[in-house]
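What follows is a set of structures for review.
One chain, subunit A, links the two complexes that follow: it is found with subunit B in the first and with subunit C in the second.
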Partner chain A sequence: MKHNSFRQITPEMTDPSFIEEIKKMPGGDKILDCIQCGVCAGSCHARFAMDYSPMQVLKMAHLGLKDKVLSSSTIWICASCYTCASRCPRGLNIPAIMSGFKNMAMKNNVRAPIELKPKFHKAFTEIVSKYGRMHEPELKMKITNKANFNELKDNVTLAMRMFRKGKLKLQPSKLNSSTHFSDIVKNVLKEEAKK
Partner chain B sequence: MKYAYFPGCSIDASAKEYAMAANAINKLLDVELIEIPDWNCCGSIDAVHAYNPLLSVTLSTRNLALAENMKMDVVTLCSACFFTLSRASNMLRENADIKSKVERAINDAGLKYAGEVKVRHYMDVLANDVGYEKIRQKVTVPLKGLKVAPYYGCLIVRPPGIQKFDDPEHPTSMDKVIQALGAEAVLYPDKTSCCGASLVITDEEVMMEMTKHPLLSAKNAKADCIVTPCPMCHFNLDAKQKDIEDRFDVEIGISVLYITQLIGLAFGLSPKELGLHRNIVSPDKILEKLQVESKHGQNVVGKH
Partner chain C sequence: MKEPKIGVYICHCGGNISDTVEVAKVKEAIAKCKGVKVCETYEYMCSKPGQDMIERDIKEHKLDRVVVASCSPRMHLDTFRGAGKRAGLNPYLLEMANIREQCSWVHDNKEVATNKATALIRGLAERVKHLEPLEAQSTPVNRDVAVIGGGIAGILASIELADKGYKVYLIERNPSIGGRMAQLSKTFPTLDCSACILTPKMVYVSQHPNIEIITMAEPIAVNGSPGNYELTVRIRPRYVDTANCKSCDKCAKVCPVKKFSRHEEGLTQEKCIYLPFKQAVPNAYVIDRDLCLWFNKGVCRVCEKFCPSKAIAFDQKEETRQLNVGAVIACTGYQQLTPELSKEIFDGWDVFSQYSWGLHPDVVTNLQFERLMLQGMHRPSNGKPPKKVAFVLCVGSRMDKGIQYCCKIGCMNSIKHALLLLKAFPEAEPWIFYTDIRAHGKGYEEFYSNARDHNVKFIRGRVAEVVPNGDNLIVRAEDTVLGSQIEETFDMVVLSPALLPNFGTGQLSKMLGVDLGPDNFFLERHHKLRPVDSKVEGIYLAGCALGPKDIRETTVETMATASKVATFLGRGEVKLSPEKAYIIPENCNNCGECIKYCPMKAIESTAEGVKVNSISCTGCGICVPKCPVEAIDLKHSTDAQLMAQIQGTIEEDGDRPRILAFLEKTTAYGSADLAGQTRVQYTPKVKIIAVPSTGRVGLKHVLYAFANGADGIIFIEGDDSPFREEGIREHVNSMKKELSKFGVESLRVVSMTTTLPQYDKVVNLFQTFDERVSKMGRIAPEKRQKITEALAGGKQK
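Let's turn to the complex of A and B:
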């Protein structure tokens, strides 16, 4: 469904509760303030790679097209550069809304058009939860498709380039107070489970 | 001038030279960065935040709580950490529900955060606490004739609402530092465009298309080098430059320095001390132009 085919929307495609869900997300409270001016679409540095512009995604959200929004590439391509947010005349925090959509898509197991994306978010969170800090080589290992020779080759090339300059950290950094840190992570998971 | 210093994971690994150079120039600028003990990941712009927003804000808050004990402003070199810590600090102020959940998570582990910490980027410290005049006074090797493209990227100036110290559309703080060093800050179209950040991991094709623009614009503006205040921008512009050249069949060959490295050169510090040997695109061309010995970094033969 492209922008010019919004007329083909049928009631079965819409979810009237979607807008209420969005309003509860951080930054989502202003979703209905969008006036479809297109400043976000015109400003977006990654628009060329998206199936819908940010403006179109916001319109789709207004219409309750939950499935279309959550399976769009737009929400995953957004690089959180905040150009749209700093220009939006209505003060919408569009990257925060995109981030909220990613969260919804992952929670509802919506198949992402770019498979690597949800894997990246999950792996990144796991590594940070484990060590307290990021360890890039492990992140790369976790999400690389090892059956893809070209992908492996590119990873090795980049790793060598980094290694020669002393930029590749082989061992992860660990916190001194790792117990205290993992207590905090556990507490967050408990808070999440309360919902 | 003392600050609670938040390094962040990139500085701890691929971007060490940014901090090496900062430490070297700090001595001359009377800036002291005292590392926050046992800091953890800032919480990430979006990697953790989209997966588990509460965890992301809690990670940020643990850092803010540790810094609060130090009773100083938090300063970070990384634009992404700057944004993430600032966002958490705003969210704790504005979102009572998140605040109470985060508090329960950290209080239970014996930490408290009163919400008093101010988060600042190192460029803010240079521009507003140190000041351009003091930077000018410390210059021993004026960077005469060097054309520098300041690349601000995104999160140092955006979004509005974070600790703002520069204009989001036409920032000038790095331009003024560059001019204070005796170099020319070139005007070019992409100084606040986006490098694609973590898309380097999840969608390299898109990232390369995005990073190509500032690289080519800087080259077209005849810049000798690009400077950046962000480890993520640096990675994409420097470490991925060769891949971008190959992918689009273009020659770029422009060295990318951290702003602290450029300042260090003008202060007469050795390339080695500034970690210039760690930059992937060789900075030899600009060292030659400045007549600085690059190999061992001992003989600075520029004008003193």
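Let's turn to the complex of A and C:
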């Protein structure tokens, strides 16, 4: 894992408007309440894989280090298990803030340190908004690098085993009114665009 | 009523007033007013010649009312009242019109400023006609003191006052005095033995001729007024005669019932008849009624048979006692956060659960650790000495809601424990997991650095979780300095729970009529300058009842409290302003409506009807408009006086909308004065009337103002008043409802709360309200007619 550490914080690195942007996203209104106690970092089960701890990401956000926050692996590795949120003494919804950062990173076209992650999130939302439910084969098809023969082979063997046990369905199961659900998604996106 | 002779004196203030206000024109207009005998102007009214002029005129023209139009009454009211007094005029017959801070300094147009000055003076000239001479009263005080709570604060306060010669009743809920400090091993940062410094004080208290200790007692009612309180105390039976008990322990040896010891924080067991602790004062046994076989099953009484001094008294009954005291000190202390309290405070979240509290015997609180230290340090699970000990700070403290404050003693206490542990077992390894180390007292930082020198490991990071692992405990946390997770195995985990106000603090505050702050601790009168006074004169506070603190700080506070009590009682009498509410017995039907609304609990229902306690009454006047039968009024701010001032102030001002602002006389009025001092310009349509509190102004006055030409009314209350925020909002909302019946738009009345420095908020309200009212235009004469008729109709009834 590449650690994008930095030794100095210079004025060019900080973006004073970043904190205002964060305050507008869900759960972001309380970000300045953080007392940097470290319960989130100590509780995090995925901490070993992150380049910065959740607490450090919050601190970097306070300081306006937008590029550092949006390019960190932490925001993508967060598994949204909510252990940190349930223990945070200041009532911060850290997974929600992390999701906000993911959105922001995608909107700003920041290259994610783990390329698969944004791809996965994109494919996931596409499928869910299409059917209203998840369809695993399609998701896998979307995120697998088809040029890589070994990866393709592994996936196909796995799919066969799952199919035999009845864990995979070839046809996506749909909501009764899946069109209705996709309408909701469309409307939400429209509202988002207005902002 | 005899026609009063009014003298009006208008000051130039060396141009401060006369540059904007055409003083001569004002004089001309005022001289025409009915009742005005003398109207003079002078360069500096507050100078000696100015004051002499007033004195001379009072004597010469036999003036019996005086209005001085100059600066703010906050500045010179006492000066001019003094001048009047020298000439034999009762101080309460002199009033000041504020034509500098609230007129000449805030307007630049000469014509409007002159008109406004005239209106303000006219209002007061009308008001003074109705004034009555008043005398300040005084009442003698009782020199005895009740101290509620027998912890270190209560003990020191009692000693301090008793040594000064005051009789003290020290009331303690538990069987022994001593409080939390009696449970401690050593104290930080000096590592003094806690019992060695506390027990001599306890003995001193018990032997002092001026102190009476009442244990197992709680106050259940507080009546009376500052200087003369009547405290009703409920005393629970001890079932042991304190005088006869020799503490020989023979009873406990034979008692068959065992229970967890409160003093040992539940770590050890004791018998159902027990001595609270070895050095208890009074040094007598006590029977736990809840567990005793005699009280539960009607059998046993074995202790009685074995007691050599016949001290067991099963026939003792609960009793109540009346204490007559002049002042009360509340030093009720703190309690530690428990899982039950945590669930209550944090909506069902038990902050202890993530630390395996209750799952492993080696997870203890810091108070239990104190007791373990005194018992000879050992692990509760296997009795062996602990090697690695983790101290977990901030358990339930510094949360976003519920407990937002710092427990203030956790850091130093844990450092103390770490050092004591190292002293007992030099090979031990104390680790302190902290959020921020707060070493803010004398010698504390040195204590902290001493601990670092002894290789105490400080980890900056709140502990995420404690997991039992066989005999040991795994602690997971983040070292936020290194940015890496820590997972270490420990023998023991010591938690530092948050401190809460002691149970019963809320009930006591209601009984005493004092406020609690947002943290549920008692609220002091002023954070900086009156830190141990409650809002009620005669009731003082000390120690952890005011908020978490250490022993040294408690001592300092206690000395301050004792000094405040001595000052209050030492005067021998309470001086009272005569500006108090009074009942008009002919009208009163004893409905008790006023009692409900009094924020000072100064109105009581007695056998001879409703009575106002003129000592407790602060003269806010909130009760007056609440009375449905006009049977209560406020001296120096009577209905007649207020109506006259309203009429005089707004009756003439051409065709422009007229706005009347009722400002609470201390904070809100002071805020408007501050606007004048900074020369902020605002609309001259607003004319300010000072009232004791905006709650004094009722619907009647508002209607009267609208009937007589007002087009908009502003209420501004001070932030320190009992009537702020909800009080004033409800008051004004109910008014708006009534006004709409007369077709007066509810937007014509507005209210706000302000602090003294927020004058820009006040000015902003004046400006926006002026814009609003100007847009709405003046009220139609027909509507005014309707209101006038309704008011007249109401009077005939």
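Just so it is clear, the second predicted complex is superposed on the first by the 181 of 195 C-alpha atoms of A that agree within 3 Å, B and C clash if a C-alpha of one lies under 4 Å from a C-alpha of the other, contacts with A are read in each partner's own complex, and residues count from 1 in each chain.
By our rule, a contact is a pair of C-beta atoms (placed from the backbone, for glycine too) under 8 Å apart; a residue touches a chain by one contact, two chains touch by 3 or more.
All values derive from a computational prediction rather than experimental measurement.
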item	value
Fit or clash between subunit C and subunit B when superposed on subunit A	fit
Contacts of A:Ala79 with subunit B and subunit C, given as first, second, both or neither	first
Partner chain(s) touched by A:Asn103 [first = subunit B, second = subunit C, both, neither]	first
Which of subunit B and subunit C A:Pro113 touches, first, second, both or neither	neither
Between subunit B and subunit C, more extensive residue contact with subunit A	B
First, second, both or neither for A:His180, with subunit B first and subunit C second	first
First (subunit B), second (subunit C), both or neither touched by A:Arg133	first
Subunit B versus subunit C as contact partner of A:Gly38, first or second or both or neither	second
First, second, both or neither for A:Lys167, with subunit B first and subunit C second	first
Which of subunit B and subunit C A:Met55 touches, first, second, both or neither	second
Nearest Cα pair across subunit B and subunit C, whole Å	5
Intersection of the subunit A residues that touch subunit B with those that touch subunit C	48
Subunit A-touching residues of subunit C, taken from the complex the two chains share	354, 394, 398-401, 435-436, 460-465, 476-480, 483, 485-486
Footprint of subunit A on subunit B - complex, ascending	9, 12-16, 37-38, 40-41, 44-55, 58-59, 62, 91, 95, 98, 101, 104-106, 108-111, 154-155, 157-160, 168-169, 192-194, 196-199, 201-206, 209-210, 239, 242-243, 277-280
Touching residues (chain side subunit A, partner subunit B) in the complex	26, 45-46, 48-49, 76-77, 79-83, 85-86, 93, 95, 99-100, 102-103, 106, 114, 116-117, 120-122, 124-125, 128-129, 132-134, 136, 139-140, 143, 154, 158, 161-162, 165-169, 173, 175-177, 180-181, 183-185, 187-192
Subunit C-touching residues of subunit A, taken from the complex the two chains share	30, 33, 35-44, 47-48, 52-53, 55-56, 87, 89-91
